[in-house]
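In the two complexes below, chain A is the common chain; its partner is chain B in one and chain C in the other.
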Partner chain A sequence: MDFVTTLVSSAYQFGDAFAFLVLSACGLAVIFGMMGVINLAHGEFIMCGAYMTVFAVNWGLPLPLAIIVGSLFAGLVGMVIERLVVRRLYSRPLDSILATWGVSLIASQGTLILFGPTMRGVGTPLGSFMVGSLSFSYYRLVLMATAIAVLLLLYLVFNKTRFGVLARATIQAPHMASALGVDTNRIYTLTFGIGAALAGLTGGIYAPTMTMIPTMGTTFIMEAFVTVVVGGADVFIGTAPAAVLLAVVKASLTSWQGQLAGQIGLLLAVIITIRLLPKGVTGFILKGRV
Partner chain B sequence: MTETMLDIKGLRAGYGGKPVLQGVDLTVSRGEIVAVIGRNGVGKSTLMKTLIGLVESMAGTITFGSTELTGLTSFRRARLGIGYVPQGRDVFPRMSVKENLQVGESMRERVSPDVYERIYELFPILRERAGQQAGTMSGGQQQQLAIGRVLVGSPQLLLLDEPSEGIQPSIVQDIGRIIRKLNQDSGMTIMFVEQNLDMIRALAQRCYVMDKGRIVAHVTPHELDDRDTIRKYLAV
Partner chain C sequence: MTLSRIFKRLEGPQTMGKGPLFWTAFAVVLAIALAYPLFADGYDVGNNIYFLNWTFMALGLSIIWGYGGSLSFGQTAFFGVAGYSYGILTINFGTAYGLGVVAVLMAIAIAALFAAILGYFLFFGRISGIFLGIVTLSVTLALERFMAQTAGPQWTVGSARLNGFNGMSGMPPLTLPWFGGDIVLYPDIGLYYLVLGLLVIIYLGLRILVNSKFGNVLVAVRENPERAEMLGYDIRKYQLGGFVIGAALAGLSGALYTSWGQYITPSSMGITSAALPIIWVAVGGRSDITATLIGTLIVLSGFQALTIYGSQYALVVMGLLLVCTVLLAPKGLVANAGILLGSLFNRKNGSA
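On to the complex of A and B.
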């Protein structure tokens, strides 16, 4: 392999790992970072988005539109679950973990009953290109672009919009926000909805690359939690840098020793982070500030 | 006859089922400046929090204008035109000064665009520091921000909990002047908790004295010139 091929191949593997980490984690990170809720149904929101996307494609929608439908549907389901379950448990974090775990079990078992153990998916679009002797998928490039677009969009939504100002006020001092006229319950519902919609987007956009099974969400769970634990509570200063760091670890170990080594590397990274930076990258960066 | 703006009757409230307020009765007329004074821990802040709805009331009524407030969530009370500036200020620390002010817009359907101009005239420091993280400002600056933030919503009734606490004297005077100006220029009704005698004398038209969760006396600021009275009611 010549130098250019090696370079392209490493960049591609890094980008692929980065996209997977960011997209796996972003929904979880928004819900954890903005609301302090550890959402164990995260994988099922991903599955929900994936299934809805496949249905929408089967109804005749083009894939990009179908992914948006899948994402919005997961977001709606998320808002309903926030209203019915999560809302009651904000002051009881342990109970909310348990409750969302329950939601996750019901969702995956319910999907199994309704749609069977597997469902026909959609093929991966766009084909591939060659660099030297290696072939790369165009669709993976779309995934990388989407990951970056999602981070950018999140940044804009939470920092440059009125909703973002109210959402941050609500996390930093919920009582004060409410005393200033902010309907904090609505903010929580919308934020949870955004987190669920992001999970749904991840499901929809990865659906063409995966087998459609009710437990498909679990594929993303390890990466999602690893990224959020290493990143800490802040999506922007935490999740994004954590994803870069972990993508380097995962991509280099995977290309050196294979998939398993990559996974082990991620777990080691978490253990080291917990020992050294209990509040993740976010805590490390915020320490120098207020 | 003056119009009653706030009418509190038999108000009981507290934390975890234990009452702190043991039946508070108090009225404020439109356009008045009223002080609530009393020693540490008698329930002054609890009263303010119960008025804005951050502490749930157990019994009694709070009538604002013609609206009964008990049972309304705090954001609804704020939207009726009650502005609350808490003890300790509670600015949003990791948001800019401008963003802190913007949160106050939630009190209104729409705010007029010149409201920021008026607030920056009252508190020039907020214009200067508009982009600064609120948590990095001094106590006095944060107090000005907390007041400015609530003024964005143009409240009819302003509740201030110890606005002078932990702030250097020159800024205390500024804040006192601005509160008086708000009352005189726009007729804003003001109810404030305070332990600083100068501030009480400079602003209050009437004072309610609180002890152990009840209103135990009703005095004019002049009566506070008397040392025995002060010793009786305040922790001086």
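On to the complex of A and C.
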């Protein structure tokens, strides 16, 4: 293998790992960063988005549109769950983990009852290209571009729109925001909905590359947790750098020893990180600031 | 400490149930449990050991979570580590000459060591609250994935094949050394009495533990870590201690389960399995070991009864149960019932 091929292959693997980590984690990170709630039903929102995407494709929608439908549907489901369950538990973050875990069990087993152990998926579109002797998938490049686009979009939404300003005000000083007339309940519902919709987007966009099973969400959930824990509370200065860091670990270990070594490497990285930086990358970057 | 002072610790501020009435009820329940095999078929008795096997893991979680305030999703990881350890040890060395008992003890020790290493990083890194839950869950999931990919022939330890997703089987059942020949404990009446005896010893032992200084400090840490620290306790050591004790109990469950069913699979550590101990303990009432024990047995029997209709239906009900408990009775259903009973009884006595 010549130098260029090795370089392209390494960059491709890094990009693939980076995209997977960012897309797995972003929904979880928005909900955690904004509301301090760890949503254990995250994997099920991903599954929900994936299933809805496949349904939409089967109804005849083109794939990109179907992914958007899947994402919106997951977002709606998220808002309903926020209204019914999560809302009552903002003062008890540990209990919100438990409740969302209950939701996750209901959702994955309910899906199993309704749609059976597996469902016909959609094929991976776009084909592949060759560099040297190796073949690479175009769709993986789309995934990488999506990951970056999602980060940019989140940055714009939370920093440049009125909703973003209100959301950040609600996070920083809920009582003050509420006193100034912000409907904080609505902000929480919308934020949770955005998190769930991002999870749904991840599910939709990965749906063509995966087997459709009710527990498909668990494929993402460990990576999502790890990225959020290493990243800390902020999506932009936490999740994104953490994903870069972890993608290096994952891609290098995976190409050296296989998929599992990559995952175990991630886990060791997270355990070492929390020992050194209990507040994650966010805490490290914000060190010295009050 | 003299023996009588130790026994006084059976009752105390950290356990529900005291006085002659409670202990009479305890004796009655124990007598029923002891007499049960006389009225039942050995096969049914053997099957029902299944329920008792899990109680140790639940009691351990009650110590870690209910008393120590550290929500850990790692119980099934320790369960699995001990289960696989028992399998590997007994397949290689057999269970004769008391080696079976040694294997159980080793399996528990390995689980406890694993917990100590993991716990060191967690508690000495001052990880608490939801992060502790996430990290322990990630470890559990990684362990499941690791065991699930050990299907190949290169994954053998001595003569024990790990066998990947299908799980390991064929390990010998627990065997006790005895005068005039070993006693092989197949899932039958003998094993039932052994597990029941262990449960009684551990239940009473934990009552003493949580009412001792260690238990009181553990509860103080749960109630307010900063305050406990200001009072001069190194809370990390207490949290780690509780974590390791809980993990060892999960290990006991794992070893007993594996020897009982002669079978262990990676899915016993998966995300669904990991949720179950949380549900038993949350529904029962995590901050009291009696409530945890009763709740675990009730929820487990309910789950088994529902499984007749398919495990997916049973799991949906479990999920609902968890959501409802968290929303409506955060202290746990059995614990709430206990508090109610206690207040009724006190009112009748005219004392509070």
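Note that in this section the second predicted complex is superposed on the first by the 290 of 290 C-alpha atoms of A that agree within 3 Å, B and C clash if a C-alpha of one lies under 4 Å from a C-alpha of the other, contacts with A are read in each partner's own complex, and residues count from 1 in each chain.
We take it that contacts are C-beta pairs under 8 Å (C-beta built on N, C-alpha and C of every residue); 3 or more make two chains touch, one makes a residue touch a chain.
The shown structure was predicted, so the numbers you read here are calculated from the model rather than taken from an experiment.
Enquirer: Should A:G110 be classified as contacting the first partner (chain B), the second (chain C), both, or neither?
Expert: Second partner only.
Enquirer: Identify the partner contact of A:S9: answer first if only chain B is touched, second if only chain C is, both if each is, neither if none is.
Expert: Neither partner.
Enquirer: Between chain B (first) and chain C (second), which does A:L89 come into contact with in this model arrangement: first, second, both, or neither?
Expert: In the superposition, A:L89 contacts chain C only.
Enquirer: With both structures placed on chain A, which of the two partners, chain B or chain C, ends up touching more residues of chain A?
Expert: Of the two chains, more chain A residues are contacted by C.
Enquirer: Starting from the residues of chain A touching chain B, keep only those that also touch chain C in the other complex, and list them.
Expert: Looking at chain A, the two contact sets are disjoint.
Enquirer: Which residues of chain B touch chain A in the complex?
Expert: 52-54, 73-75, 78-79, 84, 86, 90, 92-95, 99-100, 102-108, 133, 135-136, 149-150, 153
Enquirer: Using the touch definition from the top, list the residues of chain A that touch chain B in their complex.
Expert: These residues of chain A touch chain B: 162, 165-166, 168-169, 172-173, 175-184, 289-290.
Enquirer: Note which residues of chain A are touching chain C in the complex, please.
Expert: 36, 38, 43, 85, 88-89, 92-95, 97-99, 101-106, 108-110, 112-113, 215, 218, 221-222, 225-226, 228-229, 260, 263-264, 267, 270-272, 274-276, 278
Enquirer: Which positions of chain C touch chain A when the two form their complex?
Expert: These residues of chain C touch chain A: 71, 118, 121-122, 124-127, 129-131, 133-135, 137-139, 141-142, 145-146, 149, 270-272, 275, 278-279, 282, 310, 312-313, 315-316, 318-323, 326-327, 330.
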